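Shared between the two complexes below is subunit A, which has subunit B as its partner in the first and subunit C in the second.
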Partner chain A sequence: MHYQKYRLIIPFLLPAILLYGVFVVWPYAQAIYISLTSWRGVSGNKPFVGLENYQRLWEDERFHEALTRNGQLLVVLPLVTIAIALTFGALFTQGSQQIRGAGFYRIVFFFPQIIPAVIVGILWSYVYTPNIGLLNGILRAVGLGDVSTSWLTDPSTVLWAIAAVAIWSSVGFYMVIFLASMQSIPTSFYEAAILDGATRWTSFRDITFPLIWETIRTSIIYLAIAALDFFILIVVVSGGSTTMGARRAEVAALYLYNQAFDSSRWGYASAIGVVLLILTLLLSLGIMRATRRETYEF
Partner chain B sequence: MHVDVIQPGEEPRSLTGPQIAGARLGLSNFTVNAVAQLLLAFWAIVVIFPFVWMIVTSLKTDPEILSSPWTLPTALQWDNFSRAWTQAHIGRFFINTAIVLAGSLTGTLLVSSMAAYVLARFTFPGRQVLFYGFIAGLMFPVFLALVPLYFLVNNLNLLATYQGLILVYIAYSLPFTIFFLTAFFKTLPNELGEAAILDGASQYQIFFQIMLPLARPGLIAMGIFNFLGQWNQFLLPLVLMPSEDKYLLSQGLYFLAVQQSYQNDYGALFAAMVITMVPTLIIYVLFQRRLESGLTAGALKG
Partner chain C sequence: MNLELIHRLIADEASGHYSRRQILQRAAALGLSAPAVAALFAGAIPVRALAQDADNPLGVDPAAPLDVVIFKGGFGDDYAIYVNEKMYNKLYPDAKITYAGIQRLGEQLQPRFVAGEPPDVIDNSGAGPLDTGALVAEGQLADLADLMAAPSYDTEGKTFAETLVPGTQESGVFDGKQLLLNWALTAYGIWYSSSYMEANGYEYPKTWDEMLALCEEIKGAGVAPWVTTGVHPQYVRQFVFDQMLWKHDPEAMRNIENLEADAWKAPAVGEVLEALYQLADRGYLLEGWEGLDHIQSQNEWLQGKAVFIPVGTWLENEMKDSIPPDFNMVVAPTPSLPGDKIPFQGIFAGGGEPFIVPAQGKNVQGGKEWLRLLFSKEGGRVFAEATKSLSTVSGSGEGLDLGSAFASAQEAIAAAGGNTYVTRYQDWYKQFGEDVKAQMAELLQKQISIEEFQDAVQQLADDVKDDPSIPKYTAG
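Presenting the complex of A and B:
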């Protein structure tokens, strides 16, 4: 019996362990080692330099700028996405009946989430294009032509123009999550609140919000990680990883990508990656601690 | 008053909590509904409009595209689509993507279901460590592994090959797929397997002839999930497929967009975007409900 059991277990696990070990675990482990070398170019020679890359990162102005942009995204992405998604979630459920067209809205709002990021990115790059773009066209049409700008090269707008795309594509996803969570709250809670004279707003604040807090919390962590990993949209929307727009919106992961695949500074790029990973882990833990509340069982 | 009218053979139809509350709270329902409709309709337009614009633009000539974002095409330029398919090589990229996905999806489902089955239904030393080891892969950002991965694939002589990308796709799909299928296999009843053993079936027969068919809903869910994830994948092919005749769709589309600055064919670019979007659109229309619950369940558990 035992013999037969292991004759199944081992061959069944082996392909997964091998693939995962070779293509996932090993590269991550190597990244840490490479970050301790000054490996450049295509030679196999990797001179060990200890923590020198990290020391240089500490003083690297460009890295600081990039991290600052990550910090801004870290505040804006979760806040705005969750605020919009929660509002829509509440609008779906707060009316006296299921809102008309609920099914339709749900399908539409969720849609951008499943569209390839590349399409979303290219599409929006044309929305933002100065002359033939949709956005400036709309602004001119409603008489706000003065506001129109070259969104993707103007240093004050480029990062936010691209962040707006991220928000646009993920609001529907978070709305659906919040809806699922809201719809599991028992009716009796609201009936009791009405007897106590609750209004629409107070019942949302005192019942809905605390009861779906766990879901909101998970979403905050997700969006915070997304804010640290942010860069594919920047590359696609601004038309390349080294364009002027991309440079002006450069975040840490994009800096890593350019250091690696544009400048072949593999060691330095890996050090950026390790710092980002550590920041991600610390941030997730930090948010989990900071957002811990009493959980309500129902 | 909340009353469920239950007809014979019908599930009780009930309103959700907040809906009941809404009926009793202050503001008139009419006002609230009107405001809600306005906001929801506004967002629906914000979401749909760019896609409609993309489809309309894909049917215009270049001079029309460059003159104004608003005008409709005077004649529908289906030629844009054939140019995108042949001259812009979208047809070839489409086939490349299909080849890679055929291999990687089959591989992902097979390798993950075998591992998940063992992790879910057998006890052996190191099982927990292994399970959490796989799950840990969900936390690490892919770009951290990009540099070593590029050299690893290169050293294995797999750079710019279908096989190389297939293996990497499978490896990076394992964490979530194993996580999901392990939970799924745990819910399957034990009795069937036990009965089969008494009938003299081998463990392999039990897995392939009894358990896999039973796990079909889970496999379909993960098939759809991974189809979308792998179809939309951009970073891995960008780094691991540096030869133009083997570009995948999203990668080819990206380079096509970048080239527009010196090689103008906007019509073909927009047509190429529409072509790339079609498979995702079909999957979404067919499996919308299942997809939505699958994706969000993944987020909530993860």
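Presenting the complex of A and C:
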């Protein structure tokens, strides 16, 4: 009986495992090996240098600065995105407490999600353009001309200007995830709560939030991983990987890219990649542990 | 019998670098039988592409396919397609040319180098090119010595090397070998609209003090005196700062390029930084310049929002669709500082748009032949007409009336006489170049002081110097 079961499972599983091995596991293994060399990336010559790249990385201030920015994003991105998405989600559901026109808003807020990230980036780079951009234009029109700045090169604004784009474009997605999860909560819970005199906020705090906690937890992990990457938007919005804006908003993944493609230090870049891999794994584990709590069956 | 080996032996013999006896010795060492080699030299085995006559001095295989990759940027690529179709294929109708005009060459071509299958000739220019330093260090570039010594394509009685503008190919020499050839003759300087200046009774200032005085006047008239791209601060760093420093004290500039100790803290460096800093400190830069990329800054300038802009000679072609009529853009050298060692006419000019022939290409001789055709009078004329830019072929711009930018660049280079230079440290040490440009932006955006700039950059230079993994180069 068991034998027959495996005869069926193995042929189905094998192609997937092979593909995974060739396109995921093997490149990881290669990257780990390359990180132990000083490969320049323009020939097959890969001199072995042991752990030297990691040693340099440990002392590399530019890498530390980049990681710090990742850390800032790690706190802000999940917090803000989930807060906004939850607010929208709650406003558009919660049984009879949902606001008017909820169906319309649900669709509109999801729009940014269907635009490819690169196009989102290009559009926002126009919004932020200093002299003819929409944002500074609006600021000047309402008399806030003093606030206007070169958003994408000003060291104090560039990272957050780009983070705002990320939040704008991903809120819709998480809103839909939360909506789906909230809609599976029986409306009778809310009706009972209303009878007991619950406000929107108390219904949310005591019914919605605990019941969709698993979904929120997963979202936190997704957003945390996105905060550890955050490469595409910086490159696209700032206009390129070696622009001043990109330099001032440089995160670890972008530093990796520049070390490889701009400075031909592929061994060093691979070491950054390996460190990022480890950090991502540790982070996911850490969040799983920290956010574990009782789940409710309903 | 290994035909490839025989080909190589014959090519060596034909190049004149080896005696026939050495060739026979090498043939024996390679395991070729003596009769086989003897038969070879006797012509008993017909081998293609041996005809090294006047029409084919590089011994190109007429039927071998050729793979050409060109950076399609400010100069477009019409001129390269012309060389493919109207020149190379005219000489070698049987050669099938694979052609690509692309951007960001590094990302696209690098895998081909690693796989050992690079194209035969590459215009390695634009943003994100292949890292020349890495290619040189890995021995990936073919020595162009035989091309330099070959007869010119359409200048009779001269070798290829003799037809090129003197001094434009030095940046392609690494350890005594010519490994890349610069195609565009580029002048880098301060651009302005001569019609605007005339209409307002302004004259281009010959000294920095006069420049600052003129800036004050322009600013008073409600126009920004200067604009440059803050997104790509290497423009102001190289075309203004480097140029002014070189004219002020060429020795100080060379020390910087050679990573000498405390080179960035020399008094000359401080004087030039102090002068340049006035642009930022006195508010002579267009508001919002920090956030403009090169195209945006050039557009602001074309719209008359600013008077001066530091760029290179590709400017006119790059902006050709948005230049107002009668704008008359011209280029000038940076104004002089008191005590300059190089006269005002000295200007940053030299070869740009580097072409390379990968050593592992399938048709190395074909790649060189393609360059011999491009770097000809005909190629230079086609390029000038298509792009309004000068090439490094001597006299390629003569007799062409291609507008004010072209004429002014030609005049500026002629007026400079031998006083031309271009810094190369940003190409040798790419990471360092990126770091210096970032510091330059910090300085001109008044985030750091001049001393802080000097300290930071000196530290970065020392880091490069102390890093044994970075190959070092020397400015002559």
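What we mean here is this: the second predicted complex is superposed on the first by the 259 of 298 C-alpha atoms of A that agree within 3 Å, B and C clash if a C-alpha of one lies under 4 Å from a C-alpha of the other, contacts with A are read in each partner's own complex, and residues count from 1 in each chain.
Definition applied: a residue touches a chain if its C-beta (ideal position, glycine included) is under 8 Å from a C-beta of that chain, and two chains touch if they have at least 3 such contacts.
Because the structure is predicted, anything quoted here is derived from the model rather than measured.
Colleague: Who does A:P78 touch here: subunit B (first), subunit C (second), both, or neither?
Modeller: Once the two structures are laid over each other on A, A:P78 reaches no partner at all.
Colleague: Tell me which of subunit B and subunit C touches more residues of subunit A.
Modeller: Partner touching more subunit A residues in the overlay: B.
Colleague: Just to be sure I read the superposition right, which of the two partners does A:G239 touch: subunit B = first, subunit C = second, or both, or neither?
Modeller: The answer is both, since A:G239 touches subunit B and subunit C.
Colleague: Looking at the overlay, does A:Q30 come into contact with subunit B only (first), subunit C only (second), both, or neither?
Modeller: first
Colleague: Just checking: does A:S263 make contact with subunit B only, subunit C only, both, or neither of them? Give me first, second, both or neither.
Modeller: Touch status of A:S263: second partner only.
Colleague: Return the residues of subunit A at which the contacts from subunit B and from subunit C coincide.
Modeller: The overlap between the subunit B and subunit C interfaces on subunit A comprises residues 239-240, 261.
Colleague: Which of the residues in subunit B end up touching subunit A in this complex?
Modeller: Against subunit A, subunit B makes touches at 2, 14-27, 29, 32-33, 36-37, 39-40, 43-44, 46-51, 53-54, 57, 65-70, 111-112, 114-115, 117-119, 122, 124, 130, 133-134, 137, 139-141, 143-149, 152, 167-168, 170-172, 174-175, 178, 202-204, 207, 228, 231-232, 234-235, 239, 249-251, 253-254, 257-258, 261, 269, 273, 276-277, 280, 283-284, 288, 291-293, 295-296, 299-300.
Colleague: Write out the stretch or stretches of subunit C touching subunit A in their complex.
Modeller: Its residues touching subunit A are 106-107, 110, 113-114, 116, 127-128, 130-131, 133-135, 137-140, 230-233, 287-288, 290-293, 296, 300, 430-431, 434, 437-438, 441, 445, 447, 469.
Colleague: Across the complex, what residues on subunit A touch subunit B?
Modeller: The contact residues of subunit A facing subunit B are 4-9, 12-13, 15-17, 19-20, 22-28, 30-31, 34, 84, 87-88, 90-101, 104-119, 121-127, 132-134, 137, 141, 168, 171-173, 176-177, 180, 182-183, 185-191, 193-194, 198-200, 203-204, 208, 215, 218-219, 222, 225, 228-229, 231-232, 236, 239-240, 253, 256-257, 260-261, 266, 269-270, 273-274, 276-277, 280-281, 284.
Colleague: Please give the residue numbers of subunit A that touch subunit C in the complex, ascending.
Modeller: 38, 40-45, 128-131, 136, 149-155, 238-245, 247, 258, 261-265
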